[in-house]
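The structure appears below as structure tokens.
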Amino acid sequence: MLLQKSAKERNPLMNRHSISDTNILLYITFAVFVVMYAAAIIFLGSGFLKPQTFFSILNENAALIILSCGMSIVMISGGIDISVGAVTALVCMSCAVNLDFNGGSVLTAILLALFVGLMFGLVQGFLVAYLEVQPFIVTLAGMFFAKGMTTIVNSTQFNVVHEGFQKLKSTRINIPGMGSYNKLGIVVPAYVEIGVIVAIITVVVLFMVLRWTKLGRNFYAVGGNSQSANMLGINVKRTKFLAHILCGLLAGIGGFVYFLHVGSGSPSHASGAEMNAIASSIIGGTMLTGGVGNIIGTFFGVLSLSTIKNIVSSLGLDEAWWTNITVAAMICLFLLIQSVVLSRKNKNKL
Amino acid sequence: MQDGAILEMRGISKYFPGVRALHDVDFTLHEGEIHALMGENGAGKSTLIKVLTGVYSKDAGQICIKGSSGSVSIRSPEDAQKIGISTVYQEITLCPNLTVAENMYIGRTKGSLTHWKKINTEAGKLLDSLGIPASPTMQLSSCSIAVQQMVAIARAVDMECKVLILDEPTSSLDDQEVSKLFRLMLDLKAKGVGIIFVTHFLDQVYEVCDRITVLRDGKLVGEYVIGDLPKVQLVSKMLGKELDDLSGIQKNADEIYVGRTEVPVFEAIQLKSSANIKPFDFAIYRGEVNGFTGLLGSGRSECVRAIFGADKTTGGTIRIDGKKARISKPLDAMKHGISYLPEDRKRDGIVGDLSVRENIILALQVMKGFFRPFSRAQAEAFADEYIKLLDIKTASSDTPIKSLSGGNQQKVILARWLLSNPVYLILDEPTRGIDIGTKVEIQKLVLKLAAEGKSITFISSEIDEMYRTCSRLIVMRDRRVVGELRGEDLTQNKIMATIAGGD
Amino acid sequence: KAAPEASKDATAASVEPAAELIKVGIINNDPNESGYRTANDKDMKATFTKESGYEASFAYSLKNDEQIAAAQKFIQDEVDYLLISAAGTSGWDSVLKDAQAAGIRVILFDRTIDADESLYEASIVSDMALEGKTAVDWLASQNLETYNVIHIQGVMGSSAQIGRTGALDEMVAANDKWKLVTQQTAEWNAETAQQIVQAVIDSGKEFNVIYAENDDMAKGAVAALDKANISHGVGKDVIVIGFDCNKWALEELLAGNWNYDGQCNPFQAAYIDTIIKDLEKGTAPAKKVVIMQEKGFDASTITQEDVDKYGI
Amino acid sequence: MASFKSASQESAAKRIGSFLAKLVKHQIFIPIAALLILVIFNLIADPSFFAISLDQNSLGNPVFSGYLITILDNASELVILAIGMTLVTAASGGQDISVGSAIAISGSVMLRVLCGTNSRPEVLQAPIIVAFLVCCVVAMLFGAFNGTLVAIFKIQPMVATLILFTAGRSVAAWINKNELPIISDASFGYYGNFIPGIPIPTPIFIAVACMILIALVLKFTNLGLYTQSVGINANSSRLNGIDPALIKFITFVILGLCVAVAGFIKVSRFSTINYSVIAKDIEMDAILAVALGGNALNGGKFNMGASILGAYVIQFLTTTLYKFNVVSSALPAYKAVVVIILVVLSAPIVRDKITETWKKLAPVKIAKEAS
């Protein structure tokens, strides 16, 4: 009789709503971002008070947000993709050449961008998922390949003059009520670029995909333990394949958004973007070991990272070397906070 | 296909490098039967199941399923699920980063969306009906291994299936859970589901099964109707020889330990650990075998982990041979001659990619010191000795431990701790997943070690086993030590009563 | 606010510089990139001080996108002038438009960008193509029988690389006597340059000119020559050409180990200063594009004075 | 008779087949095969690739030269880093991406100590050995910094080292206040070039010394067992008395030491430093070396020899590409193709397929020969 106690009585812990690792990391990121931005407003003043400062961060990072989303997805599924930066450069260069030299239109450029991204996703995904080559190496090779191909397509940098594209590029979406007076006393409206809209749509869509679709959940399962996932009846290979395809596709989209922002092709575009994407994802609470992560977190990860850089450039440091050292110190601080909170949480759990 | 057969496997062979895991095995499962698959550790039971469910590709043979003509090809667990085979694997195969509910439904729901509300409420219902102490929204990794096992079972039995496979599902369950599981199995059987049941508990086989297939060394020994095969014969079929007499196991006379005055080998006073157990007192004497018993999750493991320093101790004192000692990490305990065989073999025991040899010598090597590695020959000698002693089935001592069968992995870990020649040996579920023959061997070994003057703490979910080997039982409930039984109090009834908390 | 008044009331500002500091946001490449950049940064720092009436903020990056982001930040911080030495030539027009809309004036230094002239007030730059041409012309004046050139390029796409490569490429295309034994980018990296030259030496190909697009790479190339006992310098087997006029490079020239070093003048700050002072007074700069005066040094004519004066 | 013969041949073929199968399964097969492919390719394309000649250098000392020497020489730093990177990878299941930056720092420290306050001293301000030791300590401190983040704070290695990756080159510049130190003392150059009278480049000796050292360490300590055990299952390792945090920490410190040695060679090659480009992108190559050695990048078992060979493969490949005068900017693309071919060939799945076909083919071939 006494052995028939209900499950709930027997385990006092089970009613406690437990925050998953994914969520706690997201909260940390969000909290630190808000605190950081608030501190910047208080201590560094003027610039950070203007809404446009925030929108500029979005404008500058729209592409990175998209790339980071793709990165988060492969990381959640237990992989990594370090080719995204180089693919972005390749996309920019291909689109630029297509528009200016090959008589392309905006539509063909978009299709080309998607195609390039998709091809990288397909090939890399195939190698990773079906031939079981380590993702780091596959995508490292992918990065080399994209770098080389960019200069094979065109070795110099140039601004695109194509008219339709220029129109698209200079389209700005003004945000009502957020403008500010400039030096001459004229109101400058606050604005975001088209890329930001694309980025936000991407974030929302991917958030939903990861949260509610089977595919999205499969990414988590495969990243958490691919062997188990296989035995739970999930097609692990296909899931990994799709993760890379998605990441490739997002690199294509991100590449085009980058292109739209800078309006030029250059072999040095987006160099090092993969590291920023990885850092943003991780700051946003995605684990390189797979199975844990959140797109909203990634979004705030990107914002945090660039806010850090913005703060550093507003600090008025007098020697050049302080810039990078300060950025690094702030990333370090950020990661430490994350780590300490996480370990506290795990301790309480026990 | 035979009449009434739901699944037929013919001439199945599977080879691993250096190992013939399955050789020309036939297996038939009928509608509405519970079919036991029996055999020693490493006989090939799990391999047969993995071949059937597409985890491994077979090297030869055919599989036929009722409802599809000709032989079917099952290339992945996904295919198997689609055909209507639902499986609980021996090693828990769930995703630790997902919630309990999600683990129960992922990979088997229709449609491409996840309805969180729906799966949470349904999982809640299912968990409640099976009495599983977990909430659907908990992250799986925060559940105990037993709960995980039950979640895996819940997932499998909830599936619409023709064939249900249970590979040692009961190894970490207590009697209550087991009987619940059996009720479930009988329900499903009534509905015409064919069930393959792998276990090392003979009683359980005779309780629920209709038919038995015995494997030995990867080969089919035969298929028997349960009534035709008495236990003794079954055992000899499995082992290929007669079983040593169980009654030969006789624990030391317990009276001598009652009220003894000598200094305990190990003594803990108000010991507390970060794992949230109530402070407890504990002592063990030279040559004694004692045990912790209690319900699932009552904190037995946590107690011994605290003793070994596996969890951080947060209070209390420890005396070893009467002298005060500090154990803050496992190495301290090891240096004091304490060894601990953890209950979760996959997570805490094996070092998967390392060879059997390296796994065996690991603990001794660590104690010997960083700068004094064993020579290859020496390590080889140790490994061979224990492979022989415990009859570990492995292609060679170079084989990575993860490719051994579950039971043999357990033996390797046991070998590791025996090799380190401890004064005080803690065994948390050492017989989990071990075949009947070896189980007896291990119990004997425990008593032999005790007779040699070693102290042993023995934890097992099988009261029987505890009863047979321990001279003193510490009973736990709700993470608290609630009693101690010894001498004539040590009866099945008394134990059950104390566990339940009745007076 | 105060800022618009200050610019309207420009005369007051110039008379009393201490009263109203001019806010400048300076975007530069990271000074640890090369000796040239270090000199350039020092020069900027020395010029735009509080004493001379400036409140300067600096942002450093070797990446174009980070520089653009920094520029956006300076715009929001309402600097009066934005001074830019761009890492890449392209992709700047949108941020420059924003600057214009915010009433911020832009002056380019050191590096040109690919943008409409109306977007900036002035640009004070080196003519990299001219540097290249001067060097190539000097080389042509050596009247060698054949020119088998090892060409070591800088980071592809940088204006220095484009300019200095262009001149050589043209010559090679136009002239049968000129051949490129190899043309590789060493990305301003001495080690890579050494590897490139080493590979050519190991292959046994003939060459008599090393045209390295900066001093560091020339140094790497020379190290490879030394290892293989190939003589170089004035009157020797191989002619060595470098750029930037690092002091140590000019010393090599003086010692006759190298043959030619093209100057790339890092000292633009004084020019910028005058232009800003002019703009504050309300007068437009005399010339929109200022090309830095630059020389090329020949090892046979260089003097210690040159080394001291032009070495950076 | 004939049938007997064919039978014995068949078994011989089987034996060869199974030997090959075993070889093909072995981890070290990958870099060896890669080297072989490169060697054969070069042999066919231009046998003079392998010529080595004894010449005099500009100081009049005898030196060996030729592509092979160049490869061995230039691979030295990479080999040394690959050693440390392998250990870090094995224990922590992640990679240190800060080694390039850390080389900049250690090189900068070294020059700073040698130069004192004057950036262009006539004479060395400190003995080279002192400078080297200081540089070792500093590099190991930075290694310890990374190690602490990874081991104590449980930050994933790639991100933890991102911090130093970001700051490193600036720290290097700061150490010398952006001055450009140049050492004019010729003896400093010996370590990156030649010691007078010895015709083999010194970096080769240093690399060999490091290899011997690590071989001894692996043989006479349990470093290998501990790192692998920690990398495979930290929980089990802890319960066996190993301190996973300490082991991870130690591997990072060892990598720090490797960085110091590599940094020493690098600055010695030119007797100066360029903070922003010294050892540029070497972290990627070092990781690639570990991977080409067939080691799992998520930790666990490793084969040090294979990693070292992997490093030589990379340099071999680079030098080959330079030799064939591949258009400079397109070079990475070719490198990528070769790397992909190598890793695909070494993928277990592909290798299984290859052995299978080989096994199938071998009897057929023998049968053909017999008839």
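Which chain is which? They are A, B, C and D, in the order written, and residues in each are numbered from 1.
Here, contacts are C-beta pairs under 8 Å (C-beta built on N, C-alpha and C of every residue); 3 or more make two chains touch, one makes a residue touch a chain.
Values in this document were obtained by computation on a predicted structure and should not be read as measured data.
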Chain A and chain D: spacing of chain centres that average the CA atoms, whole Å: 31
Chain C and chain D, separation of their C-alpha mean positions in angstrom: 35
Centre-to-centre distance between chain D and chain B (centres being mean Cα positions), rounded to whole Å: 44
Residues of chain C whose C-beta touches two or more other chains: 30-32, 41, 156
In chain A, residues with contacts to at least two other chains: 151, 155, 267, 320-321, 323-324
Shared interface positions of chain B, touching two or more other chains: none
Touch-based graph of the chains, sorted into line, ring, star, complete or other: other
All chain pairs that touch each other: A-B, A-C, A-D, B-D, C-D
Interface residues, chain A side, partner chain C - complex: 46-48, 50, 52-53, 56-57, 59-61, 151, 155-159, 169-170, 181-186, 188, 261-272, 306, 309-310, 313-314, 316-318, 320-321, 323-324
Footprint of chain A on chain D - complex, ascending: 93-95, 97, 149, 153-156, 158-160, 162-167, 169-171, 173-174, 178, 284, 287-288, 291-292, 296-298, 327, 329-337, 339-340, 343-344, 347-350
Residues of chain A defined as touching chain B within the complex: 1-4, 6-8, 10-11, 13-15, 17-18, 20-21, 211-218, 220-221, 223-225, 227-235, 291-292, 347, 349-350
Touching residues on chain D, where the partner in the complex is chain B: 219-223, 225-226, 228-229, 232-233, 235-243, 300-301
Partner chain C, residues of chain D touching it in the complex: 48, 55-59, 63, 65-67, 70, 74, 120, 169-170, 172-173, 178, 180, 182, 193-194, 266, 269-270, 272, 274-280, 318-319, 322-323, 325, 328-329, 331
